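Structures given as structure tokens follow.
Shared chain: chain A. Partners: chain B in the first complex, chain C in the second.
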Partner chain A sequence: MIRSAFASTAITVGFCLFVLLVVLVPVALLYPEPGEVLSRFLLGPFEKTRYMGNIVELATPSMLTALAVVLMFRCGAFNLGVEGSFFLGGLTTAAMVLWMPLPPLVGIPLALLAGAIVGSLVCGIPGIVKATTGASELVSSLMLNYAAVFIGLFVLNYYLRDPTAAMLSSDRFPAEYRFESLIPRTRIHIGSIVAVVACIIGAIYLNRTSQGLEVRISGTGNDFSRHLGLNSVALNIRIQVIGGMIAAFAGGIEMLGLYSRFTWQNTTGNGWTGVIVAIIARDNPILIIPAALFIGYLQVGGDLVSRAFGVPTEIVSLIQALVMICVTSVAIFQHPALRKFVQGNRGEAAQ
Partner chain B sequence: MQMTGDETAPQKALVEFREIGKTYPNGTVALRNVSFQVIEGDILAVCGENGAGKSTLMKILAGIEQPTQGTIHYEGRQKRIADPNVAGDMGIGMVHQHFSLIRSLSVAENLALGQEPRRGLLIDRRAAADRVRELAQKFSLDVDPETKVGSLSVAAQQKVEILKALSRNTRLLILDEPSAVLTPQETQELFEQLRSLRARGVTIIFISHKLHEVRALANRITVIRSGEVVEDGVLSEMSDAAISKLVMGVDVTRASRNQRDLSAATPVVVVKKATVATGDSDRRIDAIDLTIRAGEILGIAGVDGSGQEGVVDLLCGNVQPDEGDISLLGRPMALATTLDWRRAGMAHLPGDRFQIGGAPHMSLVDNVMAGSHRDKQFTRGPFLRVDAMVARTNELIKTFNVRCLGPREPLNSLSGGNAQKLVAAREFSSNPKFLIVNQPTRGIDVAAAAMIHGELLRLSQNGTAILLVTSDLDELLQLSDRVAVMFDGRIAVVLENDGLTPERLGPYMLGLEKAS
Partner chain C sequence: MMDLAASLLSPEFFAAILRVSTPIILVAMGVLISERAGVVNIGAEGMMLSGAFCGVVFSAYTGSATVGLIAAIVAGMVGGLFMSFAVHVLRANLFLSGIALNLAASAGTILALFSLTGEKGISGTLDSEVLPSVHIPWVQDLPVLGTILSGHHILTYVAFLSVPAVAIFMMRTPTGLRMRAVGENPEAAKATGLSVIRLQLQAFLLCGVFAGAGGAFLSMGYVSWFSQNMTAGRGFIALAAEVMGAGGAYGTLAASLLLGSVDVLAIALAGEGLPSELLQAAPYVVTVLALALYGLRQAKQKTIGTVH
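Up next is the complex of A and B:
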């Protein structure tokens, strides 16, 4: 089993490299100095501390959203509410910071907790609706993302807006609430450490606790957990609420780590990146860490060639999309829950 | 090796294996010096335990695997069967135990796959459908070419598999445990079809665990044990005992039940007038009365879909009765969930070991410990004591003789028989007061079946009340103290098993007789 996990990791790494070259080489050839474009994309992100810092900054929120996605997928819930949870989590944390006159040592945890609770609704409600009415959590969570954005914009516009600012944004956060940079010349903040630790805790939870075992059993399909007498309905709801909390918490951390005001006017895409990372990590919490860093690295590399040579940043999306296709096409054949979902209902055995 | 042949009939070897050997790269020797002939026009049964090498040999013949030694001669000429296409061109078709059909495609599309009739760039669907009709008529296998495979019953899917195997002028048809997925009635029908194929000149090789099926169908038998041919001859010249001795390498001691008087034993499960009127029609039950006493094995017989599954659902807590009462050791259970039943001492070996009884992609440890993962013994606070779990798993693997590479292997790397033993190990080791076993030995080999039978009898001697649901009448009559026959969701009769015979049960199973 350990060997097979290693093999699938090796396959994934192979796919990533393969796709990277298949996309990059032809694109680079369109430019007068193809070698420069390639090396800028591939090696550029490691040239400066600042660029490497950018990789970590980009990877931080997606590690947490990916962890949320992995937990829910492993439990058999195809909930895509992370995007909305992230947005509402960021908004609520911002609002708490602005409205609550508390010392940061108390205020920051409280603001993050409030963000987590409010944001968890976007993942939690589809879970409850699924349990009570049978409506697909995939559809209802996707739709609820939009509701979350419009509720957020309403609150921003009518309650948080700084009337003196030229754009739609909240007041400035008090300086003492913002996370300090841990490494000079980067904006790496405490959230990165939190994210890595969270992934490790996630792995321990799934593999080394009684409830984690129930989550994994529940994710393999209802028949086995029903046979054992597990209450997988309650567990499913619980995991979706926890997943929503983690994603919303990530939104709060992002807000306090990288922003001075709340300026989001749409979902940020960190949730979607989390889904991509979760799929590349093959639903393994530990592998989320390298997968998120890889996606961050692609984004930084794409940014660099875009600035230096005018290469469209869409090639990063193209690479991501192709990596996704390769990885999921394998995953569909291997992942029982995903296969079950794709086939609609109980498919035949793997052989 | 002993060669006995039917000297009167003219014989021509269609296939001859000469000293075939197969060693896998990891050193496992699957076959060693296998030499025998397949006579044209015969139905040859290839018997052997799980893992004896019979499937490997058939895969070599079908071009799926290559031998590491020896040669195959087909119609007297040496042939190299490089891949299944070559085998197909030679007229060899194979029906696998696990179907290789695409469920979302129609029968015609499945059969055309790889050899699609074309009109220009497009597939000529009408020609494909016509071809299926033609084939179906030729071999009198009745299937509709337009139906989606996924909507067919298992038996009908198997017909499609057979048609597919026959679609290329097939002269030799190989079937790997064709009856494992079929009910006895469907098996009878399959055998009729195979006999008529033989009458049309198709030579048939079939792999089976079940002696009575071998007897019913084959005229020759080849027994393989640990990769070697230990017997090859005419079936009618061999006794059942001799064959099972050859298969196992030792005499099989069939677990047998002692006649006991259990009328005074404590009733463990009492069901009174229980009715389930909702759900799938073949799971509905109507005013069921049942009592299972401590130490008793109550067998349920009946044509498949007569409500046996409904009784299982009812007594493991999958459904609650619309009317009627159930109690377990005096405790009312009519509203109980599966968890309540389990807490009260129920265990359940389900009919489907990979879908219901286990999680195929999870490790043996996870599969064995699921259910007891909250026991104090295996936890420290919220955490699992993985070392204790692995130790326990190893212990059960040993006691139940599960053949595997280690406790961390996924369940689906095990053969059907070993997976069943593993699931049985989990359910039996909880010292249940009440045990439900549903088709406990379907599709598994003689040795594994004997082991599970032995365990069932041991549990019943220790006072466990056991409900046995099986479509294998031999098994039913061998183990049960009493037999309840179901028909159309009702219990037609409950009979003491003092020398019951299948003939006695037949009229009740078919609804011709009812208890007065």
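Up next is the complex of A and C:
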């Protein structure tokens, strides 16, 4: 089992690099200095402390959204509401910070909690609807993502808008509410530590607690869990609400960590990135941490070549899409020759 | 308020419903075929977006709207090939493959637009064609019906005609029957000698034809340009319409029209000074409500079924 997990991880890493080069090399060849483009993308992110800081900043929200996705997927709920939860969580946290004149020590946790509760609706409602009516959580969570954005924009436009700002944005947050940078010359904030700790707690919860076991059992199929007498329905709702809360909490952290006012006009893409990270991590909470850093690294690399050579940043999305297909491919992961190659002779002994 | 009531009863209002529902109907027909064949296509959104993009680009470079439409349909079918490759050859997860297709289509169309025009947002510099509108002789001269039924985009008529066509195809032809058999129980279908993969590939390709045409309607009729992510979740709404229609072509048509009407109603109400953001959210909220109501009815029928 350990060897098999090792092989899966090794193949995943291999394919991530393979896909990266398959997309990057042809794109680089379109430019006069292909070598420069490649090295800027691949090595550039490590050149400066600031760039490495960017990787961590970008990985922070996706670690949390990926954790939310992993919990829901492992429970068997195909819920894609994290994108909307993240947006509403950020908005509610921003609104609380602007409306509540409390000292930061009380105000910040309260604002994040409020964000988590309101944002959890986007994942929670599809879960409840599924449990009570049987309607697919997949379709309703996709729909609610759009609804969340428009409702959020309504609140922003009618209640939070700073009339003096040139663009549609909220008033400025009071300075004492914003997270301080932990490492000089980066914007890494306390949220990164929270995210890593959350992933570790998530791993312990899933693998070392009885409820985590119930989540995993109910995720493998309802028959077995029903025979065990588990209340899968209640568990499913609870996990989707928790997932929504984690994603929304991530939105709040992102808001206070990196922004001085609420400026989102649309969903941020952090939820989708979370889905990709969750898949690369193969639904394992601990592996979310390296997977999120890898995606952050791609985003920083894409950003660097975009600024230096004008290469559109969308190539990163293209890489992510292909990685997603490869990593979920059963044909690749159960290919006997490939597994044998990775595991060597020990793999045969294990079988 | 009287104005509003008058405008809601005007022939133009009903004509707008037909127009707004067209892309939903088209894509929902495609989703229906794929769903009945057992491969729910989340990637319809991406297929639609590729169709919208290729329609604009190919019609701009050839000067022919027909070539644009064909290119849009081919683009949708390429999306179908991608889905089939991912699901059947790589055996990747169906839903995740669809998400990947959407992601790739969103990024890919922006990349291609950028490399062709140097812009990322909108294809304003491309001089693309639109597909014609059709005025039906006799009908167009009728007092109220003329405004409602005549003068629409050609794909609006195609969409409505495709509904009985899909119904007949799925329910009355051998291929449709086989597709449903595969969707109902792939193991049993395989045991009778049907090729599950071939039938599902055909379903994906047909879904691509409809989704590509739906995209062409958006960029070559509804508006005359391509802008990034212009499908705005219509592929997902089509998915919901198909679920509400319980996999039947006519039910799906009714659900598509309902969702389209909510959209048009929201536009009409925004003109009355109601907050447009909330009205824009309405179609999505209504979709969830409708799914829930439909689910409740299904569940009730199922319990009645088990009692007997």
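In the analysis below, the second predicted complex is superposed on the first by the 330 of 351 C-alpha atoms of A that agree within 3 Å, B and C clash if a C-alpha of one lies under 4 Å from a C-alpha of the other, contacts with A are read in each partner's own complex, and residues count from 1 in each chain.
What we mean here is this: a residue touches a chain if its C-beta (ideal position, glycine included) is under 8 Å from a C-beta of that chain, and two chains touch if they have at least 3 such contacts.
In this text, all values refer to a predicted model and were calculated from it rather than measured experimentally.
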| item | value |
| --- | --- |
| Touching partner for A:I201 - first (chain B), second (chain C), both, neither | neither |
| First (chain B), second (chain C), both or neither touched by A:N231 | first |
| Chain A residues touched by each partner, larger count belonging to chain B or chain C | C |
| First (chain B), second (chain C), both or neither touched by A:L213 | first |
| First (chain B), second (chain C), both or neither touched by A:I315 | second |
| Touching partner for A:D223 - first (chain B), second (chain C), both, neither | first |
| Complex contact set, residues of chain C against chain A | 42, 86, 89-93, 95-97, 99-101, 103-104, 106-108, 110-111, 114, 120, 232-233, 236-237, 239-240, 243, 275, 277-278, 280-281, 284-285, 287-288, 291-296, 298-299 |
| Interface residues, chain A side, partner chain C - complex | 78, 80, 125-126, 129, 132-136, 138-140, 142-144, 146-147, 149-151, 153-154, 157-158, 272, 275, 279, 312, 314-318, 320-322, 324-326, 328-332 |
| Parts of chain A lying in touch with chain B, wherever the complex brings them together | 1-2, 4, 208-214, 216-217, 220-221, 223-224, 226-231, 334, 336, 346-351 |
| Residue ranges of chain B touching chain A (in the complex, touch as defined) | 98-99, 103, 316-318, 337-342, 348, 350, 352, 354-363, 366, 369-371, 373-374, 379, 382-384, 386, 408-410, 412 |
